[in-house]
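Labels A, B, C, D and E are assigned to the chains in the order they are written; within every chain, residues are numbered from 1.
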Amino acid sequence: MTSNSVSVRDLSLSFGAVTVLDNLNIDVADGEFLVLLGSSGCGKSTLLNCIAGLLDVTEGQIFIKEKNVTWEEPKDRGIGMVFQSYALYPQMTVAGNLSFGLKVAKLPQAEIDKRVARAAEILQIQPLLKRKPSELSGGQRQRVAIGRALVRDVDVFLFDEPLSNLDAKLRSELRVEIKRLHQSLKNTMIYVTHDQIEALTLADRIAVMKGGVIQQLADPMTIYNTPENLFVAGFIGSPSMNFFRGEIVERDGRKVVSVNGVDLSVDSYKARGPIETGSQVVLGVRPEHVQVDEASTGTDVHDAVVDIEEPMGADNLLWLKLAGQTMSVRIAGARRYAPGTPVRLSFDMGLASIFDATTENRL
Amino acid sequence: MTSNSVSVRDLSLSFGAVTVLDNLNIDVADGEFLVLLGSSGCGKSTLLNCIAGLLDVTEGQIFIKEKNVTWEEPKDRGIGMVFQSYALYPQMTVAGNLSFGLKVAKLPQAEIDKRVARAAEILQIQPLLKRKPSELSGGQRQRVAIGRALVRDVDVFLFDEPLSNLDAKLRSELRVEIKRLHQSLKNTMIYVTHDQIEALTLADRIAVMKGGVIQQLADPMTIYNTPENLFVAGFIGSPSMNFFRGEIVERDGRKVVSVNGVDLSVDSYKARGPIETGSQVVLGVRPEHVQVDEASTGTDVHDAVVDIEEPMGADNLLWLKLAGQTMSVRIAGARRYAPGTPVRLSFDMGLASIFDATTENRL
Amino acid sequence: AELEVTHWWTSGGEAAAVAELAKAFDATGNKWIDGAIAGSGGTARPIMVSRITGGDPMGATQFNHGRQAEELAQSGLMRDLTDVATRENWKDIIKPSSLLDSCTIDGKIYCAPVNIHSWQWLWLSNAAFKTAGVDVPKNWDEFVAAAPALEKAGIIPLAVGGQPWQSAGAFDVLMVAIAGKDVFNKVFGDKDEAVAAGPEIAKVFGAADDARKMAKGSNVQDWNQATNLVITGKAGGQIMGDWAQGEFQLAGQTAGTDYTCLPGLGVNEIISTGGDAFYFPLLKDEEKSKAQEVLASTLINPTTQVAFNLKKGSLPVRGDVDLAAANDCMKKGLDILAKGNVIQGTDQLLSADSQKQKEDLFSEFFASAMTPEEAQKRFADIIASAD
Amino acid sequence: MADTIAPNPNALDPNASSARLAAGPRGKKPRPVLAPRNIMLYGALIFAAIYYLLPLYVMVVTSLKGMPEIRLGNIFSPPVEITFEPWVKAWSTACTGLNCDGLSRGFWNSVRITIPSTVVSIAIASVNGYALANWRFKGADLFFTILIVGAFIPYQVMIYPIVIVLRELGLYGSLTGLIIVHTIFGMPILTLLFRNYFTSLPEELFKAARVDGAGFWMIYFKIMLPMALPIFVVAMILQITGIWNDFLFGVVFTRPEYYPMTVQLNNIVNSVQGVKEYNVNMAATILTGAVPLFVYFVSGRLFVRGIAAGAVKG
Amino acid sequence: MTGQANAGRPNQLLRNLNSKIASIPMILTAVVIFLGGTLWTVFYSFTNSKLLPRLNFVGLDQYERLWDAPRWVISIQNLAVYGFFSLIFSLVIGFVLAAMMDQKIRFENAFRTIFLYPFALSFIVTGLVWQWILNPEFGVQSVVRSLGWTSFSFDPLYTPSIVIYGILIAALWQGTGLVMCLMLAGLRGIDEDIWKAARVDGIPMWRTYVQIIIPMMRPVFITTLVIIASGIVRVYDLVVAQTSGGPGIASEVPAKYVYDYMFQAQNLGQGFAASTMMLITVAIIIVPWAYLEFGGRKRG
């Protein structure tokens, strides 16, 4: 067992009658970048606040660096935290923001200066040190907020949707910076987001949450390619995975998913166990795992008509009707199809997912 | 000249001493979907409000359906408008929100019911008609806001960043819906956004604005592939186009852009005019127009080292160092490169852009 | 020692009178610290009571003698002055003796009376009657008879201020004048409900009804504003206590020529002997306690009495002082006092609570169209529950 | 808008495209200064302003007249002969009992009462509001609810219990006691204001400070206080006005040496004998109101902003 | 996990200790003064205490007497009338003024100051000034008459049936400025897009206010309501300064009844009974509201 930086044991948290987290367990390894991903209101911030000590847990234990900190004050937990709204102290300069915590902790001035200088250098905010937060741009503010966690010289960084107040362009820039920061600092980071791109690009492991329960905890590629259940499959990927509700049927000795009369072979699908004939399933195929080719022929090729085309520059997204359902297909940006154009589709079933229709778990 | 649905002539607008729009001209054809794209504060909303009649113009004229409406009241202009913050009347039900304007206009009840029913059907909000806005999700609210414009039965729809308050997932869903709506209604739509994906996917034509001035007005593919100037090139595309500042030099009889000692041939570039040797230029290459291949050889192949990798599911984004500069390259999601890996790059110069370094205009 | 003295005498004449007390007290080697609170007893009394019960008492305080401080004394918060009183023989010198009785609770004396104010006066404007072309009335009935003439001349017959105590007081005056001393004592002294509901009082209410009609249009609040109406001839007359003549004096008017005063409304020459007294809260400080005794005797002192009452316009509490400087009306009062035609003031007979209820009743009666019968019924109820 | 000039439909000649686009109205819509809308708007505002200003005008005018002129009638007519005597009298010679130094004596008492009472009550209420907004503990809501309901209790009802409490504490009659009383009665509304204000500040700021290791007081002084200026201004204005104008507590809970200016005002205004000196009354009234009025004139703008920040988010 | 597997829950009393300590003044005020004082008052309202509180129980006697007293009944009626109109007019005038101020007018600062300054003056001063302006001999009536309308009669303070409206005029003068401020703050907080949406929908200005803006300002109205209502229940100084309850007892109010009977009539029991009745009325209106507004809600 590798040493764990943060461990959460049987954590429960209720606000009055509402239970937000129920018996949650999670271990974060030393130096790991863990992303908590989930839709709004699923309890991500709550979990993070519990780890930070900003909320009193109802039940359970929290360990940071092998030390039980369940009832410790936030400042004694060896954590730094970065918030969505930056939460900079508006009346202090950037330097004041960075040094506030250190001054409170009564560190010698020389040490404070050193740490502030180092953080400013890492984040390249040296020219801003004398400014007030109101004189900074969004991205700069977020950098200062990160700096405030940085100067604390802690082992664990907690990020609560640090980028969601920024516009798309800045977001992608800062994403890279955070990634770089992690690569150079190598400390543990727990990062909350509801943006799956952030999760996929940043994480060593992603914990997908729903209703206070962790649905899947794995590295990004595993989550993307072999989602554990329907929720994870639908949540990750943009545009979403296409889902087809159907039944497993035997056709000519091959097992197929029959969806409204359209048969999709499951031969190349790497199932975990045997797939029973007659079971109700949901077949999931990502938009980029469908080939569009007017020329292809064969049994596993299906006819469809382009409904809407969404050119996105590098890619082109086609919305098509197949088996009475709308589905999306992603193709290269240069290939254009006007609405109404008939096309032929072939599915890359090796990369598809099949879920039980009732349990919604991967088969 | 095709009939114009909306024409703006020599429009100027100042708030006191600040001139936001200066002598702006734009024509929107009947049934066209025009997107006004630009960063925050560039005057997009101001222009839209002028068209809607919500701001009194300082100078110039506005025509809607060939009628001079410069001084008309908003309600008499034949427009419907959808706002970023939804601006639903919070204490009325959805049905109330949809019908209020019609009731005030004293339409017969039967007509009102018909129109509300039709809008509700188009937007699939029939089950919500009895609810209050506070009981709706963000996407549902936005749909009602669109419905409110829809019932007005007008020729021109104005959208002011209708989706930017929604999360990424909803945004992409509603984007498709708006596109579909336009395809079925076929009326003129003017749509303000600062999200380039929205602009690219929705627009028939995009007007890229900066500081109250239209930088380029063209269809999405033209804007994406042959941006008129540096601003447009940098603004469109995510991750951004890679820019290399260099000089045109003759090497072995071939014109190349020399960037910090790295030579990039411009042979296959379709220039508008002659490119003078010795001129300072900026070369722009989109991330997807660079091939990564360890095996390729030749003069136009360059060595680089992977700095950071951002797997995004369907794609994988590599950040590399070339000619002392950071650049990004987009490759298929399945191809993974650990940081530090050396790679070889070849540029697709036929799809690149070259700008004059001083005028910043396309060469 | 320094002694803080609270009172509600704040206007010019009153303040001058208080200054006499202070001067006399300071002359004994002590110091009078003035704690005046304006706005009549209604404003001042709660403050005084709060301070006494709050444990931060003043050295001495004014109350209307009677029952206002009764409970404070019973609770042992006030100083017993019996020693001083016996030493200085107050029993004999204070006239009428009812004044001292009002200071006596359970056989102990708790206050030093300083003056006598009588209520039973009708003040008439000679000029007003001249304008109306009628003779100046000599009693209440003539006054009522002259009312229509006054009204015709655009003169308000009777000025009554809006403050509740004025209408209640006027009623009491009417009662003494019309029903007589015995009925007055039966009703307010014995709280005889039957008498209060009886025919004699019904007559009084009839008179009050007349007064009410005559008072229509005197849109003033303070009593002195009402007096001012009489002084300026805008009103024919006013039922008000002897303190009103200070106003006439101030306006430079002379009794007899400019105005006429009718004690007992010219019907029944009886005056009441209410007034002010000083009470002394129990203090811990030895020295101050001594100073309190000094102040008590200073207040009763004949020189102080003369100096004070001349300024205040009230009658002294002892019969053995010479008031040669007094004016006509004041002399009339002194005469009646000497004859012993006195009654106790309602403050002495009724608790503050009953007084308040009575004020509410008459204040409403004078401002509304309530029938005299109904008013009498409510009056009888108040008397029945009075203590 | 009634003054809209309708575009001339004849100008829209479908055949002459360029001419067409040049025709019709252009530029700013003409909005005459005397548009009916403006006349009504400013008319109503000015009418209202007259209603609000009239009493002040009457006060000032009257205070500058001599008594004979006042007796002549018309309270609205400007003074024929301006005299400052009433002001002098109100300030320095009007008598209260034996003390004939007008309002001047009470002025300093009022200052002595108002400053500490304002400071203490705001200090306590702001800490309460802060605790309620950021450090909620079990039962806090209950206490707060009681407090708010307390805002509706008539003061008179509370006098007796407070007299008893202060007596038991031995604070009756002292300045401290009076400060406590003002603090108590200012607490409900001030606590509400501060609580609302602090609640409206981003909670993440508070969390960030906690992670930085700041405790209850450190966060209050270093983070919250510097951000709370607008609401402090509102609280300050409310308290200064309230305490300065207070009469009842000033007189019930202190002794004469601390009597505030309002007591003298009351004495001057309510003198029982003699003619009412309206001019002196009015001068005294203006003098007594001068301090709160000054505070309002100076900081009215901040007041609205502070109200917007703290009160309406209830 | 090493050693200390389960950390016990520390003493709940000691958590958040600083906050609890800092709240002591509030807790003491709430419990000792407001709650304690109230209970004490209610308790003694069952006694026949006179000048000093005494434990001499008389059951409901004080209440019977209270409701038999015409003055109390009139006080309650007056409060109802005054309260009703004062609420309506404060809100209407305050809102209309705020709406006008919100039209991007010139001299906004001047107007705001003019509307707000009366709030700086005490009720005593307010009462005094208006008593004078409404005085038939000096004030409005005499001025209008001197202008020629000799039959003009405007004499609210001396006409029992309308005296309460005379007080209302003064109260509105003093208090509407604050209401305007609150409303203005509320109006400024409304999303501008709502206005734009209404204009595009062609909704006339007044309908936008009535049907959209006002319903949206519910929280502001509630705050304002609380502030006005608490002032209404406590109205005392103004009446004393302006009419002293007159003419007769036509403008008496409950708070004055309480004060007069407690201190002037020296009948604490009666005063306490009256204040208990006031408290009950207040409680019926306020407690459910206060609990909903402040007790039930949690922050996110």
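Going forward, a contact is a pair of C-beta atoms (placed from the backbone, for glycine too) under 8 Å apart; a residue touches a chain by one contact, two chains touch by 3 or more.
By chain, UniProt protein names: A, B = ABC transporter ATP-binding protein; D, E = Sugar ABC transporter permease.
Worth saying up front: this structure is predicted, and the values here are computed from it rather than measured.
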| item | value |
| --- | --- |
| Smallest count of steps, each to a touching chain, taking subunit B to subunit C | 2 |
| Partner chains that subunit B and subunit D have in common | A, E |
| Identity of the chain that, by mean CA position, is farthest from subunit A | C |
| Chain pair showing more contacts of the two, B-E and D-E | D-E |
| Interchain centroid distance [CA atoms averaged], subunit C/subunit D, Å | 42 |
| Centroid spacing, where centroids are CA-atom means, of subunit A and subunit D in whole angstrom | 52 |
| Chain centre separation (subunit C, subunit E; CA means) in Å | 38 |
| Residues within subunit A bordering two or more other chains | none |
| For subunit D, residues that touch 2 or more chains besides their own | 159, 266, 269 |
| Residues within subunit C bordering two or more other chains | 46, 53 |
| Residue numbers on subunit C that touch subunit E, as the complex places them | 41-42, 45-46, 49, 53, 68, 70-72, 75, 162-164, 219, 221, 351-353, 355-357, 360, 363-368, 378, 385 |
| Residue ranges of subunit A touching subunit B (in the complex, touch as defined) | 39-40, 167-169, 172, 175-176, 179-180, 183, 194-197, 200-201, 220-221, 224, 236-240, 286-288, 307-308, 310-314, 317, 319, 330, 333, 336, 339 |
| Subunit D-touching residues of subunit C, taken from the complex the two chains share | 4, 6-7, 9-15, 18-19, 22, 32-40, 43, 46-47, 50-51, 53-56, 58, 222-225, 228, 243, 246-247, 250 |
| Complex interface listing, subunit D residues touching subunit B | 1, 4-5, 7, 11-12, 14, 17, 20-21, 23-29 |
| Subunit D contact footprint on subunit E (complex, rising order) | 12, 15-16, 18-20, 22-23, 25-27, 29-38, 40-41, 53, 96-97, 100-101, 103, 105, 109, 111-126, 128-130, 132-133, 137-139, 142-143, 146, 173, 177, 181-182, 184-186, 188-189, 219-220, 222-223, 226-227, 229-230, 233-234, 236-237, 254-255, 258-259, 262, 268, 271-272, 275, 278-279, 282-283, 286-287, 290-291, 293-295, 299 |
